[in-house]
Amino acid sequence: MTDNVHSHSMSIKRSIDEAYLIAERDGFALLDVAIDEGRLKNTLDDDSCGAFVCFEGRVRNHNNATSVERLTYYGYEDLALNQGRAIIEEAKKRFEITHAIAIHRIGALEIGDVAVWVGVVSAHRYPAFDACRWILDTIKADIPVWKQEYYDNDVSKWLSNNG
Amino acid sequence: MTDNVHSHSMSIKRSIDEAYLIAERDGFALLDVAIDEGRLKNTLDDDSCGAFVCFEGRVRNHNNATSVERLTYYGYEDLALNQGRAIIEEAKKRFEITHAIAIHRIGALEIGDVAVWVGVVSAHRYPAFDACRWILDTIKADIPVWKQEYYDNDVSKWLSNNG
Amino acid sequence: MSNIDVAPNTEATMTINVLYFASLADEANCQEETVSVEQSTSLTELYEQLSQKHRFSRPQAELRVAVNDYFAKWTDQIYDGDSVVFITPVAGG
Amino acid sequence: MSNIDVAPNTEATMTINVLYFASLADEANCQEETVSVEQSTSLTELYEQLSQKHRFSRPQAELRVAVNDYFAKWTDQIYDGDSVVFITPVAGG
């Protein structure tokens, strides 16, 4: 359980500016610092869009009945970027949306921190809701990000979205 | 079409601070200035909530094929507050959410301005999506707000959500 | 003063405050009026009387009604001093 | 150096770079290793060999696999110089 076996997956290889540029171009990036939601929203501004839907996934203080102190996200960045680009492309085919952007944060997070942000703009409201939910579900299913929760007693656990 | 027959419905009776206090307490208010999304989000912060979903309805530059220059929203504030409070109460019964807040803006709006904002927090993601969409749909169906669109040729039209 | 502002030949009348919004305010050319009507006047009758006065283009079937700042049923009784608003189809969001 | 780092008695071997994440990195106690395997080694065989070496607790059925930073099928062929990652169930969001 030494830290160094995970060091390559706790931070991104790219600069923060590069990560935002990739998010703007491809619709998805990993980030290893706090997500600047305003910066992402600005890239989604479009006068033809009447609807903006966003989702923020925040670190909860509990998981079922267990109290969570903090958690760490680990990411396989190169695969995450390739897969994220494919997810956003697919979302634009499936739903009548204008643009979508998502960011997943990795590294050590505190309670209340935003771990994932998904924003979608469209002319009408339902496609924005549907696409935002689908993108989030697909990120949770397919983006290579792992999570380790730390509890009161300093025990930690690897979690999995599929049970 | 004199302006004064609508003057009572183009601005709110209360102060801006009162409107935000009502929104925080009852979950709904009308506002006659730009919506401060950060202020609304802050009231929704809750460490037990892993999910935050928000919807922003912005003024589009078109309605179907017609180019829209600007529009004006009119509201019947006292009924809107009573009905809004009931909508948020009902949303909390129907969905497993922790809190929800919505604001509808009235008065003259420009393209890109946010007309309606709905934010929901919950422990898990699906109730937040479902409640946000339901609240928005119910606001559109039941809150006494009316909209007049102005077009290139200075013609204006009263719109209706139910056709 | 029109014939509905004073109820004709009955001792019992009630005063109702009516607010207008959106297209009804355009057609009534005012945002508010106080009317005096017979004691037993229903909401349907009130709309009918005001509709004749102002030549409202919308039939009652297309409207909702609010009494004292809450949505009401068209069959609800109104009382002296009540505030009534006829609600044309809304367009928020 | 374990027996899979040098392929036994074949002229043709290929070099595969394996990255480890999450619980596999814990179990392998490293984040990356370069292995030399027989030319025709499949992804399934590669996982089997590494699983024996590191005593991975997860059966292959619970994993996905990525080759050169894209998800791959377990039946996809791998080539000399490829980068391979075994993906335990993810937990983003």
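Labels for the chains are A, B, C and D, by order of writing; each one numbers its residues from 1.
Definition applied: a contact is a pair of C-beta atoms (placed from the backbone, for glycine too) under 8 Å apart; a residue touches a chain by one contact, two chains touch by 3 or more.
From a predicted model like this one, the values you see are computed outputs, not experimental measurements.
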**Asked** Which chain maximises the distance between its CA centroid and that of subunit A?
**Response** C
**Prompt:** With chain centres defined as C-alpha means, what is the inter-centre distance between subunit A and subunit D in Å?
**Reply:** 27
**Asked** Roughly how far is subunit A from subunit C, going centre to centre by Cα mean, in whole Å?
**Response** 53
**Request:** Between subunit C and subunit D, tell me the centre distance in angstrom, where each centre is the average of that chain's C-alpha atoms.
**Result:** 78
**Multi-partner residues of subunit C (at least 2 other chains)** = 93
**Item:** In subunit A, residues with contacts to at least two other chains
**Value:** 57, 125, 136
**Message:** So which chains actually touch one another? I want all the pairs, not just one.
**Reply:** A-B, A-D, B-C
**Request:** Quick one: which bits of subunit A touch subunit D in the complex? Just the residue numbers, please.
**Result:** 1-2, 4-9, 57, 73-76, 78-79, 82-83, 104, 115-116, 136, 139-148, 158-162
**Fill in**
Per the touch rule above, subunit B residues touching subunit A in the complex are 45, 47-62, 111-112, 123, 125-126, 128-129, 132-133, 136
**Message:** Which residues of subunit D touch subunit A once you look at their complex with the stated criterion?
**Reply:** 19-23, 25-26, 28-32, 66, 69-71, 85, 87-93
